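As written, the chain order gives the labels A, B, C and D, with residue 1 at the start of each chain.
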Amino acid sequence: MWSSRPEGEPQRLLALVDGVFAIAITLLVLDLSVARDLDPAAYRAALRELLPDLGAYALSVVVLGSYWRDHRRIFRDVREIDGQVISLSMLGLGVAALVPFPTRLLAEYGDQPVSVAVYAGAVAALGASHLAVAAVLARRPRLRHDRPSETARTLYLLDGATTVVVFLVTVPLVFVTGPRIMWGWLVLVPLRVHLGRRLQARG
Amino acid sequence: MWSSRPEGEPQRLLALVDGVFAIAITLLVLDLSVARDLDPAAYRAALRELLPDLGAYALSVVVLGSYWRDHRRIFRDVREIDGQVISLSMLGLGVAALVPFPTRLLAEYGDQPVSVAVYAGAVAALGASHLAVAAVLARRPRLRHDRPSETARTLYLLDGATTVVVFLVTVPLVFVTGPRIMWGWLVLVPLRVHLGRRLQARG
Amino acid sequence: MWSSRPEGEPQRLLALVDGVFAIAITLLVLDLSVARDLDPAAYRAALRELLPDLGAYALSVVVLGSYWRDHRRIFRDVREIDGQVISLSMLGLGVAALVPFPTRLLAEYGDQPVSVAVYAGAVAALGASHLAVAAVLARRPRLRHDRPSETARTLYLLDGATTVVVFLVTVPLVFVTGPRIMWGWLVLVPLRVHLGRRLQARG
Amino acid sequence: MWSSRPEGEPQRLLALVDGVFAIAITLLVLDLSVARDLDPAAYRAALRELLPDLGAYALSVVVLGSYWRDHRRIFRDVREIDGQVISLSMLGLGVAALVPFPTRLLAEYGDQPVSVAVYAGAVAALGASHLAVAAVLARRPRLRHDRPSETARTLYLLDGATTVVVFLVTVPLVFVTGPRIMWGWLVLVPLRVHLGRRLQARG
């Protein structure tokens, strides 16, 4: 039903994606700022008040770093891209470039459930765009150098889908449980390590 | 009349262009911000007031994404560049880097015709600079790996010129019709899809 | 006296330089901003007041664009770089990244001689760092693929040195003549076109 | 104990790193700003007050430039990367992207010991992340094209560790000696030049 002609090598798309991730990571730091002309005590207090901002910065570096690594893995064997891959990648870029905004909300209004919901929604959208690109590439073998095994693909999709689901269920739940639900995201660490190892063993 | 000596491979020009597009897309997000220290109700209201900003962000990601894709297509078969291609590309870069500014005007003053006019003017200028580069490259076959068919070239120029004309006629018209004329830009979606398909079939 | 061992291919240095130029060009636009919540008349007035900022933006795009092109020409035949080339390039990067600052001074305080002096000093420093890199590379043929003719090299150094001198003499002169001396920079346009043509014919 | 499968070429990681360094260098300049609408005398005074900011800018360009060069040297012979190299590199990127923040603290509150401590801590963390990457790569010869000599490796680690130690001891000491201890960082200049020469001679 959807036809799609290959449109050449992925190099420039990868350069654009790497650029956007590099800038999104670096822009996060613009929100770390201290007013000018404070007295020494107020200055040290202002620095202490930046600790949640630093936490939000670290979280977003981890999130963006993981998704960049994810993107690198998806495109590792890609030889050519077509119009749909470009469009879906642009969608993903638009979301990745957006991450500094919910990060700022989390840093400044982390006690408000809506901040956590917006953040989780953005991360879920980023994950979903990567899953969509991976799914399109999986169905077009001629765009790839080689073909990953069925098991590797299933594990990869399971890994990606789990992350999306974890962040997605946070969106409504945070209004019930309050912002502490964020700590639940840590469940992804052992889960991804476990899937990552199985992926390495099979892939 | 205008002589021009090839000046080597296009790689670094493409890297510069990809960098500028990546940064322009990412800078758009700097305008999404919420004042600090609001109470919960005022915070949620401030988030709701950001919806037009988010709309302007999405529009500019689509516009910059399309033009980036356009640029990639123009330079796909380019083997070498000369001084004029570099100068015209710099002009285009200057306009692409400018896009975050009219985007901000649209987000904050979208009800003022002059904002729509400035935005449409910037997009038309970006399109015109790409058309100019494409026209120069079309007349210098030795800069290219291959030669697109006459039909493909005509369709491409038609596609590019249509976009420029649509945005250009908005500039005076918006002062008569008001900002709602923006929705007329949506006419470009089916039009470009249609031309894109014919281009794929012939190109 | 100064020994220097080649330290590998220039690719990553070029990527860093392209990145800095792309960002410096794009950051210039952050200074174009209009206060929120103005009434229609005040908004149009604020837009008109941005015209000098837009002029300064255009000037800096031209300056950075020319120096980027210059850099591309210097490194076109470079096969390997050494520690000194890297150090001098870093100096140049530090100055190129600085350009948005004097641009802002020019936009906001263009009627003050000191703004013009700072701007001219920054551009002269950028030009001098490029000349220094070109001079080091000219004396180390083993870093290059080929060797430009003596005439081409002389013309290139003449071109670069002229630009540096023109901007350098502005620094003291502007305090005598006032900011109008800026228009004298336009003398560089025919001069560089002329030298550029002779360079193309010989090089 | 830690197993690790190679995950392909380092190109995209290097592109991401180059992007982050380019942006971190360029963002430093955003802090150089002068209020609008000052009278001529106040404007010149504001420019003079920016001199410490310019000093902090220069220091951070030197620091980031050195670490970028360091990174380039570490990855020069790297053929493939694995998951651990990526994770440690991401950590390093997170710290490099952070550098504009302590730079701003140093520019605005350079007389406060805590600013110097934060700055020194950030630089030490950046150095430590590079050392960690270098150590991982040193123990996995299959990731490299060639194998540096034992002496070269020892000299390299000595160089890196010295820088980390110098910045690390500043963190507690500055609270005793005051901010003047910063000048002690200059001891690194002759030290690195000396080690660099020995490294060139042996490497």
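Convention: a contact is a pair of C-beta atoms (placed from the backbone, for glycine too) under 8 Å apart; a residue touches a chain by one contact, two chains touch by 3 or more.
Chain labels with UniProt names: A, B, C, D = TMEM175 family protein.
Predicted model only: the values in this text are computed from it and were never measured.
Enquirer: As a test of understanding: of all chains, whose mean C-alpha position lies farthest from that of chain B?
Expert: So the farthest one, by centre of C-alpha atoms, is D.
Enquirer: Same or different, please, for the chain B to chain C contact, judged on whether over half of the interface numbers appear on both copies.
Expert: different
Enquirer: What is the distance, in whole Å, between the centres of chain A and chain C, each centre taken as the mean of its C-alpha atoms?
Expert: Inter-chain centre distance comes to 37 Å.
Enquirer: Determine the centre-to-centre distance between chain A and chain B, using the mean Cα coordinates as centres, and give it in whole Å.
Expert: 26
Enquirer: Of all residues in chain A, which are in touch with two or more distinct other chains?
Expert: Residues 15, 19, 22-23, 27, 30 of chain A touch two or more partner chains.
Enquirer: Using the touch rule from the top, collect the residues of chain B that touch chain A in their complex.
Expert: Residue positions touching the partner: 14-15, 18-19, 21-23, 25-30, 32-34, 36, 38, 40, 43-44, 47, 57-58, 61-62, 65, 68-69, 72-73, 76, 196, 200.
Enquirer: Using the touch definition from the top, list the residues of chain B that touch chain C in their complex.
Expert: So the residues of chain B in touch with chain C come to 3, 5, 7-8, 12-13, 15-16, 19-20, 22-24, 27, 30, 83, 86, 90, 93-94, 97-98, 100-101, 104-105, 108-109, 112, 114, 118.
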